[in-house]
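For reference, chains read A, B, C, D and E in written order, and residue numbers begin at 1 within each chain.
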């Protein structure tokens, strides 16, 4: 009922064999330059003979959801074979039965090479529907040139000299995960009461105008321009910033880190599922993964890529934010899956506070 | 000027009307429907139509603040646009001579560059340690830790800037057709330029003023993106609320209800305004 | 006469002098791009006089008025009113109002408001009463609440008149203010204008194409041509004793006959006109060359059967033949072909006393010497005359 | 001094124009920027690279072209339909004139997100889910440009007296000729303004477009997208070029028309 | 005369008959809201005639023309041209052109384009040549490339004239087409108009306030008042033999003197005028009441010293005293106060033959019976006369 579908009933005949094509929607700048003849993209096309229509029109999970819900909810095509969405959104779509299963036999590399911390997700324990594309850490970034180290979220939200000079991320799970930790709750499983606590704590910070803005990636601009001194940040971006401003530092807050991934998923009525599986398997070859990682600088979800990286760009091999150590990952949390009422309620509260 | 009776009117209106009915009225109808769905619905459980008028009450209680703010910001922006726009339109219409068309296009040309880029530029200009802020700080117009970004000032400025052409073009269109000899006559009859302006030029340009203010106020009050990029949590406008209710919270009924209220509210204000201006016949 | 003298004097010393209390234009010039509409124009309008400006279409009348009103900036020259220079004064600062040739009524105001405009600007008292009065005067009481667009041409013109007149300005510029009115209405408006002008002692500068109007109303008439003033003086003077062929032809009609000056006595100049000896008083002779144009007004010419005794001593010209007769209400107009081929105009009043002559009849013409005038032969005899297609 | 007073308005007007140019100045500057870091929008050094290969960033020029096409088409149609409607509303009297007025205002007041998604729902319901893209975007753009056109043209049309049209009719001009020879030239400034507005609206719209775009990408969608990972400086090149071209078109038009007049005279 | 008859006939049978080949208006009425501008008007304009429409400002002339042109829809009544009903025909379908009182020139086109407009619409050949010709005719060759706003009032009016004239339409409506032109220019334009009209055999309907113009140019003149036609006929007829006080006063001036009808003979009506017995020809008597107004034109009145023999048999009125003298170019105008207190107007031509009388002198008046006319006493003796402030 509702917009839910049964993936097994809402399928299109797979025409991969006849037309060697593949249509992908991904986040912008999430792949090495496609024009580069020996980049991963061109190589895939030449190896497999599949021509890939690649659009980077995923700017935001919720926005993308709005873009496809009408179609998927009515079992209508969205003319895509694959898209990369963040855990919680992938989870929701899978829950809604909008996502086609991936044939285990066709993607050996995935099952072999996926790094352990990303396995056994509650919402898709044995990788039936999704395959992580890239992963990242959410933590704190600060400008060492302008302010002292910011060790914890607590500090970020209370330190006087930061008043009005910090931003938080505008995706609810990113920020609320930490807020729950700040009030001593566990994002993996928390009660409404704990949620209330966390949201109040945040509301207070907002009302004191301690928090300047809730942003997407704009925080990088502000951090670099000096409009803000510290902020909640994504690991990949910080690496980018560090390239020309070593003063920008990324810290794992005492509250912990949130580890997330954007996952390749295949929507209902996708016409080229087999080709999509080829794509997944290809990007789980360590060499390819390394090449990709060396460009996007996010956490590479593929075992053995680190070794490959030696050949490509040794400087990145020991970068914790690309190949995180186990101790770093030991202290990560992710956000519990929400029922749809919870979703509506929490997001509602959230947008009340953040102003959307 | 006399209005002709007869069916030709329908004929001329038909294409546009048809288009709007197909691609606006029908969607709008489904929007109204959505606003009456049971709020406990969701994509998982589906939505049922329970004529849940309570939705309206709820959103008003919940979001009256951003609503008022929107109207307020919209009004402010419209006001500033009117002042800036009138000067500009007047200059183009009466003073630009052979450069009319050029200036006219110059008004709009900046808006052929992407909105986002323009706004990024503004953020550069208004940056906390940009020269404008420094300047204002040295003048002590701004406090030492004062800033422009993420303040109502920035938001209204953004709105004013981005909707200026919507004011200038209609204004120009109607000022341009004023017979200059009438302004001369006013001068000849002891009206100094200021009085002459308010007694002759202004009333004759009313159609433009009306259109301009409508074109500016209506979208400005409904806008959210300026508030999001240049403002903070405390500057959010109702458009932004709707946006987040819709996309993030997926609370479609509330979003729809809020939209309907906003539209009806704005249109109501518009009509009142037009009556006030005593210019129904322009509608 | 006095004005002319002043103008002359001023030509010598063109500096606007502070003592003159009227309106004085000196060396006023207005050029539009290549075209010069008003050309180094000198003019003196005494305070409180009714001054008429006549001239062919396109000769620069409106342009001149617009410069006086301050609506057009002169290319060069100066305008002084009561001794102070107003050449560049803003229009609304000048005690001058205009009845625009194009009316320029405010379309968004009704008639009453249009007329009230000037008074309101100057915060006058009991505006409504005055407006009422003024509307009565131009016979538009009934239309007070109509918009200009709802009025007939003549009604609009009267509104324009009322709108300017009501302000009783020091100087009122009237640019063909009665052109669209029927005869009767025009006459009564003329009377009203004259009354107000004299009562309040205003200065009127009145542009009109109705010569009778100019003649009857004005103290001084100036004839303008191609941006310059040709002659200026009292109506009678201009009519009776024109100084140039243009004026002679433009004001009423004239018969201009070529002649050779025979002798100049103390008081009379005698001229040989195609073999006939005619004489012209000295003060009516405006040439010192030995050729000239002898001018005589058609209604001053007497017509009669050959040999019939016309009671006009001297100047009898025989051998005419009627070549055309036309009837015009008050009088009959004859064209008479003279022996030397020229056609002369003769007006005879239809008193029903002297009989009408018919085409082809031989006639004799005659006129009294004191009505003739002598003009410079260098000037074009047809200047200012109507160009009908010969 | 007098010159100054006489041209005060013009000077003020130009001042306002300059205000609208401030960001453009930055855009032009940035088009020569050689950024140290693609995430940070700040001037780090001069280069011509952006100008030499403006289409380097993946998919940018493609999206630009799409946007330009849509911009022109939607402007064309919106202007025509809107102008007709404006005439109907100003020059004619018929049942439901005032309600049609409401119909004109509503779309301007509608929040893009809900409007866009209701429209999307409509398309899907009508079975166009598969055909989302260029045409659906075009339809949407025409829809929201219409209102702006109507209101702008109306500003010119209101109170434009019909004497001249009558004169034209009296001189054997059929209604069509009357429109093209007399009415149109007189109303043109309004129509031009409306067209310019529509184009900028269509060229800059993100939300509605994004929802109905299927997997077509327009320029604004592209810019929003990349802004997440840092705006490539070529975007500024495009901005500058668009700006310049629009000006060149006018100047060119002016010049040629001057020439023609010169010849005639 | 014929037209009048036709009108009469038509009144009886107002159905527009298909045989009439001219322009025929029947029961034409136009009301603006409450106000009726044209009131049940009947009019017949024979094909190819030059028809002049006279009337006071605001009497409905323009409105009538606008209805003929199709720019105003009649409230009721019908318009037929050459037998076919065009009451509701589209303006551009009618072989009718108009010279608008307000010119209505196209501001965005230059003069040449303005004049060419009509021809271009009808895909005429060698447009430019014709336009050139027409511009020469109105003496605007020099202005061909100016915009209307750059022209003087009179020049604009000439453009309006040229723009309509160039189309040589079956029916040309001229709404005060020469009002803004100087006398000379107006005269030559009149000649041109007349020439074209006769050459091409067009029908002209000419609204003018210049009575002389109407008199000299028109075959038929109609006097309109308050939305209706007062009288219609040849110029001479209207002038010589007006049927109503309005016409008598509106066309030229008239002395209207109260009188009691004594007897009506076969050919003469004799009337007692304040004790003096005067007679009026029957065909000039337009009343059958026993009171009436005796009308006589001022220029028909002879003036002389008491006892002086005036060669006018009968109708000598003694006891007049000159109460005012005014000089007007062609003639001198006297006001003579009669024994019964009324002031009569007398025009005497300045032939210089009879001497001028001065104010206060006693004089004797006289006129020939065949010039007098008798009007209905019920009518207002001042109707159509100028309302001067007595």
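Going forward, a contact is a pair of C-beta atoms (placed from the backbone, for glycine too) under 8 Å apart; a residue touches a chain by one contact, two chains touch by 3 or more.
Heads up on the chains, UniProt names are B, D = ABC transporter permease; C, E = ABC transporter ATP-binding protein.
These numbers come from a predicted model, not from an experiment.
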What is the graph distance from chain B to chain E, where chains are linked when they touch?
2
Check: interface with higher C-beta contact count, A-D vs B-C, is A-D
Chain centre separation in whole Å, for chain E relative to chain C (CA means):
25
Express in whole angstrom the distance between the two chain centres, defined as the mean CA positions of chain D and chain E.
58
Compute the distance, rounded to whole Å, between the mean C-alpha positions of chain A and chain B.
36
Multi-chain contacts only, two chains or more: what residues does chain A have there?
63, 66, 218, 221, 225
So which bits of chain E are touching at least two other chains?
102
Among chain D residues, those touching two or more other chains are 41-42, 113, 117, 121, 159, 161, 186, 224, 227
Chain D residues touching chain E - in the complex, by the definition given at the top:
163-164, 166-175, 177-178, 181-182, 185-186, 264-265
Which residues of chain E touch chain D in their complex?
69-71, 90-92, 96-98, 100, 102, 104-108, 117-118, 121-122, 145, 163-164, 167
With touch defined as at the start, can you tell me which chain B residues reach chain C in the complex?
179, 181-182, 184-193, 195-196, 199-200, 203-204
Applying the document's contact rule, which stretches of chain A touch chain D when the two form their complex?
23, 25, 27-30, 33-35, 53, 55-57, 59, 63, 66-67, 70-71, 74, 76-80, 216-218, 220-221, 224-225, 237, 240-241, 243-245
Can you list the residues on chain E that touch chain C in the complex?
32, 54-58, 61-63, 101-102, 139, 150-155, 158, 175-176, 179-188, 191-192, 195, 209, 211-212, 215-216, 236, 239, 249-250, 252, 299-300, 302, 311-312, 326-331, 347-353, 368, 371, 384-389
